[in-house]
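Next up: some structures, all given as structure tokens.
In the two assemblies presented below, chain A is common to both, partnered first by chain B and then by chain C.
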Partner chain A sequence: MKIDRRSFLSFLIGGAAGTALSPMPLKLTDDSSIWTQMWPWTPVPEDGEISHVNSTCTLCPGHCGITVRKINDRAVKIEGMKGHPVNDGGICLLGLSGLQLLYGPARVKTPLKRVGARGSGRWKKISWDAAVSEVVKQLGDLRAEGKSHSVGLITGSDRGTVSQLFARLMTAYGSPNVMRTPSMLDSYELTLQLTQGTRALPGFDFENADFILSFGSGIIDGWGSPVRMFKAFSGWRSNHGKVVQIEPRLSRTAAKSDRWIPVKPGTEGVLALGLAHVIIKEALYNSDFIDNYSVGFEDLKRLVLDKYSPDNVAAITAIDHKDIVTLARDFAAASKPLAICGRGRGSVAGSLDEFMAVQALNALVGNINKKGGVRAVSEIDYINWPEVQMDAVAAAGMQRERLDGAGSKKYPDTRYLLNRLPAAISSGEESSLAALLVTGANPLYTMPGSTAVKKAMAGIGFVVSFSSYMDETAQNADLILPNHTYLERFEDVPTPFGLQQPVTSLARPVVEPQFNTQHVGDVVIRIAKALGGSIAGAFPWEGYQTCLKETLGHKWETLITKGFLLDDNYRAFARQMKFDTPSGKFEFANKKTGRVPQFAPIKIEGDAKLYPLILVPYDSFRLAGDYIGSPPFAVKTVEDTVLKGKDVFVELNPETARALRLREGQHAILSTPRGQAKVKVHWFDGIRPGVVALPRGLGHTAYDKYLAEKGVNFNELIGPVEDPGTGWDAAWGIMAKLTKA
Partner chain B sequence: MSISDDNAKQISPEADGDDAAAPSSEIKNKAQGNGSGGPVILFFILGLAVSLILGWVIAPELLYSQKKQPIDYNHALHVAEVTDGCESCHFFRADGTFSGVPKLEMCIDCHEEVQGEDPNEIKFVEEYVVKEREVPWLIYSRQPDCVFFSHAAHIKGAKMDCVTCHGHIGESETSRVYEENRITGYSRDIWGKNIAGFKKNSWDRMKMDDCAECHQKEYTVQRTDVKTPIKRLLDNFIAVSFPGMEAPAGIGDSVQTQRDACFVCHK
Partner chain C sequence: MKKAKRYGMVIDLDKCTGCGSCMAACMAENNVPFREDESNKLLSITWMRVYKLTNKKPFPETDVCYLPRPCMHCAGQHEGHSPCVSVCPATATDYSMKTGIVSQIYTRCFGCRYCMASCPYHARYFNWWDPVWPDGMEKYLNPNVSPRMRGVVEKCSFCFHRYQLAKEKAYMEGRRELEEDEYQTSCTQACPADAITFGDLNNPQHAVYKNKKSPNAFRLLERLGTNPKVYYTSSREWVRRSGDNYLKNEGKPAKAVHHG
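Take a look at the complex of A and B:
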């Protein structure tokens, strides 16, 4: 039998008929539809038992209470803790994407020792024992040589037990060089000390204020405790509170405020004094407060009436003098006016005079220590460790002058001057710092003039990072002793910046440590014990958790059950008009220093002939600018007029852009005396002509591929400018130029 | 090349000049077609038979891989030991979610040490209990990830029996082979053992039609719980006057027909 075409075709037809009569067509269609709807490579969240753990977020100084939802052993969602005095159920973008920091690829998973050149990224995994003995050996050798003072510590905070353990280690070891990363907290602390006699956190009763005068503070751009500020802002919106935003750029805060005063950048302080002039001249001030509870009013009066008339101020600030007068009258006429400062997120210490001037406005309207006003907040006092018994080496070391010059004759009132450190250690031929410990900070990224910082750090013999993440500083360290992340450890979390009520919260492990990391508190205790002698003697605790429990005493129970602790002695809005100043009154002019708030202009770096534009940074809540890098989720939310691909946009007024012949979206080279970078131009009507704005929080070289190499780090383009008298970095911008790429 | 094509070639030179040749070629072709009728039918039947065998027997065999459970589990033995039936191990958590397959933690109470000489028992204790590893059980009844199913609504709400959907698994003495669909990765139990989709028992198959079948039969219309003042009053009245009696269902839209109804069961 021959198989002809017909036979073949009928075989196929028979086959087709048979297939149609079999269940396979339906079955395979069904299976392939199930397959396509549930690609096997799509991650599916595990199903299991749901639980919630209350803890505290320490990703920024906001210190919100969080409730973490877990399925079995995995944390799946971070929410705001309901009933927490800071955020009452609210959460910010960074806070809710914190799980990406826990499970993400930027973690340092085990102690690492550098094997290649610094920053080359070549590491050797070592054991914890080896890592701790390495630190102990280096520190022990330096101490034996009598160079204990040449060890420095950079820390993100000086409050809470972990920071205090570090400080204690430094004291017992014998080095005065403990440096806190700068922020507006420095200036507010000193302002409160000079005017009210207490070096304390400022507490603002935003919830009850009805007229907010913000000198460039990004109220909804991450200033203070972000979630609380968001809620307060919404409160003003619904309760007819007024917000006046004074800043050269139409930030999100400015856009949502009632009035935006586009002041010439850097002249905010003089505007405050101009307002004081009107208030004093028209006798709009609170005479009860001025007469009974303040001293130095006459000094201020003389100064402002003499030098800061609206006309003079108008000339400096480029704000119409009528607007100045109206604003002053409105501010004084409000029932609970409140003036705040600290540009953007407040990550620069700034000019003390500016803070003093703004605080003087608050005093003029008499809203110190009262409802809707500002007060000095004393922390809940629970760290009462015995005094460190210093041996001879430690005592000698502690007698040495600090490298950064803080507390010296030149800067008597300043406690920390991290911004002066790079210059100080690079001044001699050999670095005056032999070893550096870094915890809760990423100075290589966050410090202005980061190129100079990197150079200075290269001269330090031994750099140890305690970071949980591979950040810029960790990348350039010799040894990384990774801490647990905030979701894996116990820690007491002090009152957030700006809250009027003292609150101590508890961060507690939400999940088991995911990697071979150790609690930094335990590591400090281990190092101290291994160093032996009086250093070991200063650390009687077995480990960090014992130390925390013993330190908190009966407060521990409250913290573990409730998650936070309020001060029993705190009275809301009690009119305590007794100040700790020598006069017992609010001091407009400090008797000791003779300081009256005035406008000492901070001249920014750069020659206006070479660099005709002014470059200012801006903060947004979408990007973390502090030592924590933005998690991928946060980066994804950044608008494509800020970051597109790897390109960052600078904001430029169309008028200036036209003059420079730069089109929207065009590439340009942004240069400053400190460096240059390739950027794209975004035309933006909401910025003063002649000013260029660049976002903070981009241009990382470390962390993961979702953040690294995107945009430009503003700190590479700017350097510190010293505030006279305090030595803080007060640079609010830098001269710059834009040229076609 | 087929035969008829060859014929056409042979004929074509003649056809060029001679019109009379055309009818004869037609006849020839017809005759040839009649002549191959037998093989054509045979091939048809052959094709039919091959594809039917493929479709009904071979393909289903190939479609599923056979997997053994890590431990051969004896349900009957355990059910006899516990007091609360299925719910002793497959319980509802305090928040109403269903625990599903028990975790090791549950087994450890009795199985901290090897009991008896069953090799499965020894393997279980040595491999899992001692090493604190969860047993990677293969779940016969696992629905695709897009399915939202609430055990509480069916067991607590509708007071259904486990057997209705899961069959008499509680009486099994060994774990049967787990057949995994090579395309989807899900268990064969969802489609059913019968490849044609026929079923005898309610638990033979667990596709969407099977959900619908029961819902249709019981006429269970889930309504959103709209609380009108009258309804609230009625609820309170019933709660006070006739404790224990169930209040009538809400009067909201049927969750099966309103907008987004698909997303009640489909994630």
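Take a look at the complex of A and C:
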């Protein structure tokens, strides 16, 4: 057979057509995908028996109930617990990402002892026995030298059995230096004490309020118990509740509110007094409450009528005086108005005058202790341990002045002043700190003036961290005694901030401890027992679990079966108008202590000539800002106008940006009197001209590669500014300048 | 014959707070991988992504709205003619006539990314790298969703595995029909603001049936004829108008057209 051109082409074309019609191409595409995909390193999750465990999330002070789905012994998904009084099935971004913290690379897997210089990251793995004896030796030596008061404790909370065990250890040991991480809880507690006579958690009936006046509170940016706030917010959308947001930047809360009042930063308190002026002048207040249940109204009246007329306030706040009058009228006319404060997430204690001014608004409309209002919440009382029998050393130590000055003559009403600690240590006073224990806190990251804090910490002889994660403080400690994570341990979880109904929840082990960690409660009891004498005597329990069970008594059964515990004595909306103040009434002013309504604005650091801009932080719900670092899922959700590569964006009004000749996305140097950082510029119309905003929660140096070394830690650029009456940090911002990089 | 199901979603943008729970809930449920740097959003795999919209007005008239974007599970002009399904040469993505869900079959996908080009919503993502979980973190992977590998496209499945599990459970209990709450996507379940409703758009008993008829309802890029099954509602007109492209002087957007 002769192969000519014609037959050759026919063969080719016929062959091609035949192949195309055959199943071969399909088979080939299918095979090619199989050949290029079936790699042994792609994990195949093991299947198995499904189970669910109810527990409580303690990643933030929101304390939501969670239901964890498990496959065999693996936890695979965290979901909100249906029927839980805090979150009823809802859950937030951080809570959903909890398993990344449990199984993540930032875990401290075994007790570690520092071998290199502090912060060099060189550690030796040691046994639990060695770790505990190291702590006991150091604390024992200090005590023997009569320096028990030179031991400090920084704790994230002072409620619940674990915090109370720590406090008990400090008392029995003989040191008054227990410091809680500052937050708006400090200011609300004191506000309630001064006005209503009870130092307690504030409880807000958001579910029934219909007009929310928020002085910069990030209602949906993480303020209070976040999921509860989301749900309340959703309720207002369905029931035509009104939300008015007062803050210089269009936050998520401002954007979703009904009215945004872009006040000049730092003048929120003045605006509150301006509203009070209108309410009093036009007699819009609740006269029943004012006449029958309050004292000191005349003092408030004098203050606001004197100084805070709408015209004056308009000049200070840059809000039109007509808007002030309208807002005051709307607030007073609403059937259930409610005013709240605490900027952003509420991570700064703030100005007491401001909190008092906002609380005065609530009192003027008479929404104290009633439906849709605010009340002082009495927690479920179950920690009734016998008084600590102090020996002579402990008694002497407890007599000493606190290092931070809380409770001193200057700051008589304040309980904790962690913000004053670095200065107190660095001032080189005699009673400086020899040892520091840190639990449930990451002061090296969360405290303003990080550089000064780090320097102060370097002066402390012995630093122990009980963190589950390698955070900044742990990184710079001498010894890490890693706690179980919240998914591996039992713990009673107290009422979250802002809830009216007291609720205690139970965190319980969802999975076996993944690493060589121990429950911090057990460790405290072990340390106490090893210290011996009256200290050991104050801890009669065998271990933490026995302690928890005995402390809770019959409540334990309820907790273990239901997962949470409600207060039997709580009556919703019981209109209780008897206050624990000396007068038995709500006190705008207290004649006895000489406390009258007043207002001193907080002046922020920096000379406006050198630093013409105002730098304020903002809380974004996508990033954790507290001592917990954001897990990878959370970082992944951060917008590319906030974080790009390693660069963080500052928000700047286009008008200001044009004046500074800074383009969108351009690099710039952000400097403040406290430090400087390289940032990128993001043009954002939703920010007051002259203001620069930087997100909180970035600029970590610790945790894992998914979070570390990205962006800038706001706290490196700001320092504390003391609130005159209380000593708290009240810095809401700092003067700054932006220059081309 | 009983009408086929058309699973869909209605997202209330007035309630959506932009908190990002839906994104994390989706990642946790569907074994979505993550990398060290996720700030290049073209490469960042997010089956559910929350966009930030602004009204582009200067201070202080500025307004912002958040818009969660899952896969729209487009039905196309005739049921089944989704932009992506129509172009897939490997039948790796298909339209279910029973549920209206657009599937993605990873083992069939050979990574031509034609579907990505045809999707007007950027709802599809390509695995340029093999997923890597840090040592020990693979413990949280969900066995109901297979982890993907380098070279395939992935996207939101309306948590189809949840539908399968619910169907199996119903079958074991001798039922043919699912209750509304038996099959809910992970994002719907997680949303703390209750902004997302999910269900059968054909079933008058389901919340989505009523919600999609809201006068404030709209869909994204409706005029392309993709016939998406994700509806949005917003009381703000500028938000509704952001859902499509309009000429400068074009009048108010036409009322949402409901298919099916």
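The rule is short, and it goes like this: the second predicted complex is superposed on the first by the 696 of 741 C-alpha atoms of A that agree within 3 Å, B and C clash if a C-alpha of one lies under 4 Å from a C-alpha of the other, contacts with A are read in each partner's own complex, and residues count from 1 in each chain.
One rule holds for everything that comes next: a residue touches a chain if its C-beta (ideal position, glycine included) is under 8 Å from a C-beta of that chain, and two chains touch if they have at least 3 such contacts.
Since we're looking at a predicted model, the values are computed, not measured.
S.K.: Between chain B (first) and chain C (second), which does A:27 come into contact with in this model arrangement: first, second, both, or neither?
M.R.: A:27 contacts chain B only, not chain C.
S.K.: Does chain B (first) or chain C (second) touch A:90, or do both, or does neither?
M.R.: A:90 contacts chain C only, not chain B.
S.K.: Classify the contacts of A:386 with the two partner chains as first (chain B alone), second (chain C alone), both, or neither.
M.R.: It touches nothing on chain B or chain C.
S.K.: Have a look and say if chain B or chain C is in touch with more residues of chain A.
M.R.: C
S.K.: With both complexes overlaid on chain A, does A:17 touch chain B (first), chain C (second), both or neither?
M.R.: A:17 contacts chain B only, not chain C.
S.K.: Intersection of chain A residues contacting chain B with those contacting chain C?
M.R.: The answer is residues 30, 32, 34, 37-38, 44, 47 of chain A.
S.K.: Please name which positions on chain B make contact with chain A in the complex.
M.R.: 2-4, 33, 36, 39-52, 54-56, 59-60, 63, 93, 95, 97, 99-100, 144-146, 181, 183-186, 191, 195-197
S.K.: If we count contacts the way the header does, which residues on chain C are in touch with chain A in the complex?
M.R.: 12, 14-15, 17-21, 23-25, 27-29, 31, 34, 36-41, 44, 46, 50, 52, 54, 56-60, 62-66, 89-90, 92, 106-111, 130-131, 133-143, 146-152, 189-195
S.K.: Any idea which chain A residues touch chain B in the complex?
M.R.: It comes out as residues 1, 3-8, 10-19, 21-24, 26-28, 30-32, 34-35, 37-38, 40, 44, 47, 49-50.
S.K.: Would you tell me which residues of chain A are touching chain C in their complex?
M.R.: 29-30, 32-34, 36-39, 41-48, 71, 74-80, 87, 89-93, 96-97, 99-100, 102-105, 220, 226-227, 230-231, 233-234, 237, 250, 252, 255-256, 260, 262, 514, 621-622, 632-641, 643-645, 653-655, 684-689, 704-706
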